[in-house]
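Here chain A shows up in two complexes: once beside chain B, once beside chain C.
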Partner chain A sequence: MTDSTTELPVAAIEQRIGEFLEAKTRTTWERDVDLFASGAVSSLFAMELVVFVEGAFGIQVEGADLAMDNFRTVERMSALVTRLHSGGGGA
Partner chain B sequence: MSEAPPVVKCLIWDLDNTLWKGTLVEDGHVEVEDAVRKVVVELDARGVLQAVSSRNDHDEAWARLQELGLAEYFVLPHIGWGPKSESVRRIAEQLNFSLKTIAFIDDLPTERAEVSYHLPDVRCYPAEHAGHLLGLPEFSPPVVTVDARRRRQMYQAGFERDQERENYQGADEDFLRSLDLVMRIGRARDEEITRVEELTLRTSQMNATGVHYSDAALRSLLDDESHDVLVVSMSDRFGPHGAVGVMLIERTPRAWRIKLLATSCRVVSFGAGAVLLRWLTDAAARAGVHLVADFRRTERNRMMEVAYRFAGFTVADCACLATFSPGEGAECLHLEPVRQDPPTTMRVFAPEPHATAGETQWR
Partner chain C sequence: MLDALSALVTETVADAASEWDVSGEIPVGVLRGLGAKGVLCAEAKPEFGGLGLSGADNGRLAAHTGALCSSLRSVMTSQGMAAWTIQRFGDRAQRGEYIGRLTGGDLAAVAFSEPGAGSDLSAMTTEIRHEGGEIVVDGLKTWITVAGYADWIVVFGRYEGGGAVALVPASAPGVRVTRVAEPLGCRAAGHATVVLDDVRLPERHLLAVAGQPVLMLTTIALTYGRLSVAWGCVGILRACLTAAARHAARREQFGKPLLQHQLVARHLAELYAAERTATFACEQASRSWDDGSPEQVQAAVLAKHVAAGNAARGAASALQVLASAGAAGGHVVERAFRDAKLMEVIEGSNEICQLMLAEHAASAVG
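The block that comes next holds the complex of A and B.
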């Protein structure tokens, strides 16, 4: 990984993700609410989420990290970003 | 086969002195010859879409098409005063068709020249050839699939749906629920195979292996005890989407192996792929077998990888994998299935396992 000494504050990550979700779904999402609970999330939306998280935070999500559990809530996504961004490596 | 000009997917008609005799604004009253009407109806039945590019007052011209009983045959009428090359280009864009598959018919040489100049790939025909179009190879698709006959209807429903989605103010999910979506999963019948094969060719983004199964290969599996060829079709309150997905499953005592899963890009935004995987996961859980999926990364199918991974598939060591060897460059993703709830956004009807006929709603 790159030497990302710049720590991204969790609040900033969550805000960024929240804004994206609101723009996409026209709904605000509490940080611990399950996005996928209804079974309505399309493959397209899942893809958009992955692409957004990768692009916005300069990370690559691959293999076992590419799991719905890591994208289930704003909180979980933020944790994934923090882990991958700081070079924490795969699960 | 590759030498023949591509089949025309959309024919764009001029109105005055082409579709009908006379000029609407000057003559006030225009009629369509029986021979021309026959062409419109027959092209429609062959699955060739038809649009309009005409210099006229839109409301007046459309009203006349309705009186003539022909309006329903046309998608995307461009009736106005701009250059025809512009309306032809926009029609192709809106349909997402290559210009090589678009044809234009007009009585005026200048109009045809204008279109040809800006869009050399578009095939232009003079109005007096209208009666001969049905005999031309480019207007005679080699196979008319079940969906071809309904193609225009599906596009019309699609435009309506897009419009409504654009105007919808709520969340996407609520919009989906408002559509009254129905998914039907069924064992493929002989006449559907052509469409299924077409799907595997066209859906590079949602094809899990990038492998193309030929018509003959799929057909040979129809009667194979250990394989299921499943066709997925969808509809909503605007109309049918037709066949939108295909799954090829090999059944063994311990696991079902998904050898092919492809869905049309038209239904990706409805979550069709995710719903299919959920249904299959539930069915496998009920049958007490594991699921295995062949996956081969291509440049375009990351969406499929996300779909599998989000459905819970992982790279795992499981005894059930012993009998499978993925093809070159492919891997086997694995899932130990648990029962799933049906989606809240659509109703799913699927065949009863081990029954030869009949279907039930997934509840």
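The block that comes next holds the complex of A and C.
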């Protein structure tokens, strides 16, 4: 768990997400590539991603934030983490 | 706290489980009483009136309850899954209001399955739409656990090209609930058919997550349900193990206790192994859940699959050991035999679990 008062650089967030994705899919993902369009991602994996992001960055993704669009690319996940991490408010 | 809650369940069930099973009914006051004490969704957060139990302790409570009465454990699974669904998919106001109701004595059912959508939940056709500042829910849900008792039906349906979840009061105009007559197992769990005919509700009854893919929504909700059912199956196995061990030690045939007949002893050994392996799978899955590990998703499927299969085989073995002594209607082993079979069907049938586990195993080697 990460202290929610700590600043997290975008590059570090994206690297952590990228490592998780690579370990899980055995593929490297560019930051703007759509994970779901590739068909490589199942509904079980979508939930794994949510749980991973929560655990790795000490956030909770609930309500309207729990949108596939927020998990579609490394870039979007990182933006979600940054917003929720800085207390930018869940739904 | 777990010990106190377990004691409360023991005291509440007392010797009534058999009677509840035979009559197909748990007095609704009993359910509301447990609900108002937070026992039925014990993982709900204290800020919503919940007890804030860890996933592991909530699982152990489900096992304790399942060993006494699988119908009551089913109510617990349903209520807990409803609270979890609202926690995940609702906004702040919805969490506060509706989880608060579930820890205050209201009872909830979760409605996934339909005549054309059982294992294939993506085929569900229940429709949720906006109309004139309200939401409208239309559809037919079948075999909905607890619906016969419920104040709230948590309805999963299609919504604007994706899925959504509506919180439908069972008393709303257009809702008709009809009990399933004499279900095979968990006979007092209130299984019912739910007709939703042009049900109109204020928009706050639509959980905030609306529009996301149906399977993402059902997978998240069912992960809770699978863990709870898995632990309930551990309870079934414990009840069977106790009954079979006691009987095998006391009952004599051919001049010696059954336990000294090797073919009977084998049943007992396998029952013990089944209870232990199911417990280990559940402990591991709940640890992943409590740690926030992504492994929880597969671990819950694995636990459910192992525990349900073990419970079905274990209950059959226990019945074989007890024979006529366990075959009377409502006997703990007779109930286990029927209840466990149903556990191989719900919350992802054996075959659906196998497909998910096969996919996971294949993806692990790339």
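Simple rule for what comes next: the second predicted complex is superposed on the first by the 82 of 91 C-alpha atoms of A that agree within 3 Å, B and C clash if a C-alpha of one lies under 4 Å from a C-alpha of the other, contacts with A are read in each partner's own complex, and residues count from 1 in each chain.
Everything below uses one rule, namely that a contact is a pair of C-beta atoms (placed from the backbone, for glycine too) under 8 Å apart; a residue touches a chain by one contact, two chains touch by 3 or more.
Small disclaimer: the values here were computed from a predicted structure and weren't measured.
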{"item": "Superposition on chain A - do chain B and chain C clash or fit", "value": "clash"}
{"item": "First (chain B), second (chain C), both or neither touched by A:D32", "value": "neither"}
{"item": "Chain B versus chain C as contact partner of A:A64, first or second or both or neither", "value": "both"}
{"item": "Which superposed partner A:E19 touches (first chain B, second chain C, both, neither)", "value": "neither"}
{"item": "Which superposed partner A:M47 touches (first chain B, second chain C, both, neither)", "value": "both"}
{"item": "Segment of chain B that clashes with chain C, given the candidates 39-47, 147-155, 291-299 or 345-353", "value": "291-299"}
{"item": "On chain A, the residue positions that both chain B and chain C contact, one per complex", "value": "24-26, 42-44, 46-47, 50, 63-64, 66-68"}
{"item": "Interface residues, chain B side, partner chain A - complex", "value": "169-173, 176-177, 206, 268-275, 278, 302-307, 309-312, 314-315, 341-345"}
{"item": "Of chain C, residues touching chain A in the complex", "value": "87-92, 94-95, 207-209, 211-213, 215-216, 218-220, 223, 291-294, 296-298, 301, 356, 359-360, 363, 366"}
{"item": "Chain C-touching residues of chain A, taken from the complex the two chains share", "value": "20, 24-26, 42-44, 46-52, 54-55, 62-64, 66-68, 90-91"}
{"item": "Residues on chain A engaged by chain B in the complex (per definition of touch)", "value": "24-27, 36, 38-47, 50, 63-64, 66-68, 71"}
